[in-house]
Amino acid sequence: MRDVAIVAAGMTPFGELWHASLRDLCVEAAMEALKNAKTDQVDALFVGNMSGGQFVGQEHLGPLFADQLGMSGVAAMRVESACASGGTALRAAFAEIASGLSETALVVGVEKMTDATDVTEILATAADQENEVYHGITFPGLYALIARAHMQAYGTTEEDLSWVSVKNHKQGALNPKAQFRREVTVEEVMSSSMVSDPLRLLHCSPVSDGAAAVLLCPLKEAKKYTDRPVKILASGLATDSMALADRRELASLDAVERSARKAYKMAGMGPQNMQVAEVHDCFAIAEICCVEALGLVEKGKAGSAARTGYTALGGCIPVNTSGGLKSKGHPVGATGVAQAIEIFEQLREEAGERQVEGARIGLTQNMGGSGASSVVHIFQKV
Amino acid sequence: MRDVAIVAAGMTPFGELWHASLRDLCVEAAMEALKNAKTDQVDALFVGNMSGGQFVGQEHLGPLFADQLGMSGVAAMRVESACASGGTALRAAFAEIASGLSETALVVGVEKMTDATDVTEILATAADQENEVYHGITFPGLYALIARAHMQAYGTTEEDLSWVSVKNHKQGALNPKAQFRREVTVEEVMSSSMVSDPLRLLHCSPVSDGAAAVLLCPLKEAKKYTDRPVKILASGLATDSMALADRRELASLDAVERSARKAYKMAGMGPQNMQVAEVHDCFAIAEICCVEALGLVEKGKAGSAARTGYTALGGCIPVNTSGGLKSKGHPVGATGVAQAIEIFEQLREEAGERQVEGARIGLTQNMGGSGASSVVHIFQKV
Amino acid sequence: MPSPRYWREVPSRYRLEAARCLGCGKVAFPARRVCPHCRGERWENTALSQQGKIITATVVRVAPAEFTMEAPYAVAVVETPEGARLMAQVADCDPATVQPGMEVSLEFRLLRQEGHGGILCYGHKAVPAG
Amino acid sequence: MPSPRYWREVPSRYRLEAARCLGCGKVAFPARRVCPHCRGERWENTALSQQGKIITATVVRVAPAEFTMEAPYAVAVVETPEGARLMAQVADCDPATVQPGMEVSLEFRLLRQEGHGGILCYGHKAVPAG
């Protein structure tokens, strides 16, 4: 298997981008990545997108985007795994380069959510339609059920959840691409309106538009495009039961643990080697469960990790320096690629005020639905 | 790059399968493939599906199907390229095995179309929503525009189109899995109701439910699962302009030609080496344009190829021995995988009455939308 | 007329029909072809008893369009004595009082109406026991 | 109120605004950022003349739900004198008479109504010239 590197990145701001269509978003992020690599040729395009079909009535994004990028003809496909679509598209592109099928692959994660009127219903199509959504559950509801189970099992509190939001907003305030560039206090979080008990509005990631793109090539060709490539050490992809009711343990996310185990094994490393991580905090409880499943914090102990600063910038393992999905925004298909960009920038020492000093190894973890799919990538400074 | 083989296949009948849900279809095809390989372990699952989201409100099919197959935990993703989703999922699985990321990959193409009320509108989301569908065009309409251009350029006639349907129904009548197991006459085709001039009902593939599955592994491991593996010699994936109006030449399908060129180059072969082919005859004109783009018939000459028997069973290059999309049925995400199964069976001499004697090399070509994406695979008897 | 999609689910939604794996004893609800525990494919039919215990619960306050009229409502994961778990709304009580450990009965109820003038969707809701 | 999605397309749909590539001269309609011919990104604005010639045409007889009332109707790919091509319905004539080579004018018309009581969708239709 050939070694694979990321050599360039591009990203739109995340937010309510009324002026931009789905195709505009893709083009903006992709062209920035191509310009940064000083190339206009790629062999293959991988699109990470949850549901262009439902959000804006447009499937078949591979050829549409290739066309809009002036590169009609190239190999192209869309990859979907709900909110993990971006990270899963990165995985597919990694396989494409590692196998030798292509010499360059552009990965674009994108979602245009603000053109749709029924966002709640569309997001719910990532859960079990027949056995969960049928009964009126929503995505915040599914994570609320997980939160209650975690509280029950480990004594996690609403204040613990709130500190995750406080930490991520504080970090996102330093990110020029973030949807919410402002800090929030624990009091603000705990007095925001209840969405699905115990999750309040400020425990939830927002509805966002946005796109993020990275360019991949074999590591040995990387210097053609940049003097600071970042090697993809490992890719781990795994699943869990679709319906929450089918999981024996509701306070943990097995797909995350399995995807991490695969990635650590492939990298020949463990959680103790990670110096910076982007994890899927679609809801505050998700970050708590994910850092535990990733082994970054001891099982059952992550409730206090944001409050104590253990997972904050400057702490033992800074998590979501970008602001995470909570503050940076969560255009679902774009998220996994944007996570990779944050780690790419951290390992290139380009993260500005958010820089984790001396970071050489970083991790991303992107999750679909209520945790039925998860993909972990581990990156290394070359 | 490791050599990759198909070692087993499974497939539901295609048709209006009222009793079966989307997940039932997947499980039926996948379990048949696994039983044929006498295994219950796979490393990765690739789902080819155009739009579970729009047809039945269900995205995130990777983990859902892994769960239903009793293999929750495995790597899984959905791949979409409209009607080429199945073939494109096969391509992604090929890369996964070729790269060494996984040792076994199950590809399931599936579509459940008869649960939806607005099939025409959903299929149209594979075309350019802003610049084509907005003006009231449908899929038969797009191919009708191509048909008119081909008639204008090469003198192709309505009778030529009709012979494609006659040929494919005749072949499909021999296929126990086909939706329409009956022959039709050229008179019946030419007197069927007009859908979009010059395309009549019997020039169009039907609305279908169905699933098809194949199991992939490295060629050198193939004998663990079967004594007659089929090697995947090449995979070519390419694109063209999304909107018909942006193509300079409307009577040809450039994505098909490009995908074929890539596949022939990778296989070190040309069209003259192909002994049997499954091509994307979503409409009769599509088969005509595709066999030309694949080089199986000279450009502009394919109009008469079905009538003369050149592309019929027993002819120089039998095309769509399965009955093609027209007679076998076209559950869009399943089609590309079902094509691979027909060639798999032909090269294993399991095609019964449809057998092409002595076939050792075969090709599949699966197309998305009005030809904006195309994927070609070339297979060889081992 | 209910669509095929709807009547395919009738056994589980109307009658709580489940299946017990003859290989490992796991009770799957709804019935499925492959056992998620042992990959067995031999099953015996069984119906869930119409009672259970709440494992975890929430109150949905921001509801999907079709459920807006009912919000806020409680939704829970309920475990039946057979060991099967299922998702259900919890009705006939103050949603805020629904907690893990609570004993419930499963009652057949109207859940919602699908679409404009569309089909009525039925299923089971949990209500506090006794 | 028209949604952002609708008004983003207003320049092309209401005014036939296009763009000419300063690198290779290609006229792109609607305007786009990257030239599909030379990958250039420098453009000058131009509007299409409201006339053209039919390249290929069909008659849609089985129409999408929102267009059912109008079927059968002709749809064509039209090429303008600037070399741009676009898809449009062909109105004000017997649809069966619409053929390649036919000269047309492009007129601003109502295309359809979106959804129940939804927004009115406008754009250009082709009509036989002179």
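Labels A, B, C and D are assigned to the chains in the order they are written; within every chain, residues are numbered from 1.
Here, contacts are C-beta pairs under 8 Å (C-beta built on N, C-alpha and C of every residue); 3 or more make two chains touch, one makes a residue touch a chain.
This one's a predicted model, so the numbers in the text were calculated from it and none came from an experiment.
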item	value
Longest centre-to-centre distance from subunit A, chain (CA-based)	D
Which of B-C and A-C has more C-beta pairs touching across its chains	A-C
Approximate Å spacing (C-alpha centroids) for the pair subunit C, subunit D	50
Chain centre separation in whole Å, for subunit C relative to subunit B (CA means)	39
Intercentroid distance (Cα basis), subunit B paired with subunit A, Å	33
Multi-partner residues of subunit A (each touching 2 or more other chains)	21, 56, 67, 72, 130, 133, 241, 243, 246
Set of subunit D residues in contact with two or more other chains	36
Sites on subunit C touched by subunit B in the complex	3-5, 8, 32-39, 41
Complex contacts: residues of subunit A adjacent to subunit C	118, 120-121, 124, 130-138, 140-141, 144-149, 152, 193-199, 241, 243-246, 250
Residues of subunit B that touch subunit A when the two form their complex	1, 21, 44, 50-54, 56-64, 66-67, 72-82, 88, 91-92, 94-96, 98-101, 122, 125-130, 133, 235-243, 246, 254-255, 258, 262, 368-369, 372-373
Subunit D-facing residues of subunit A, complex	18-19, 21, 24, 27, 31, 40, 56, 67-72, 114-115
Contacting residues of subunit C [partner subunit A, same complex]	9, 13, 30, 36, 55-67, 70, 73, 75-77, 85-89, 96, 100, 111-112, 121, 123
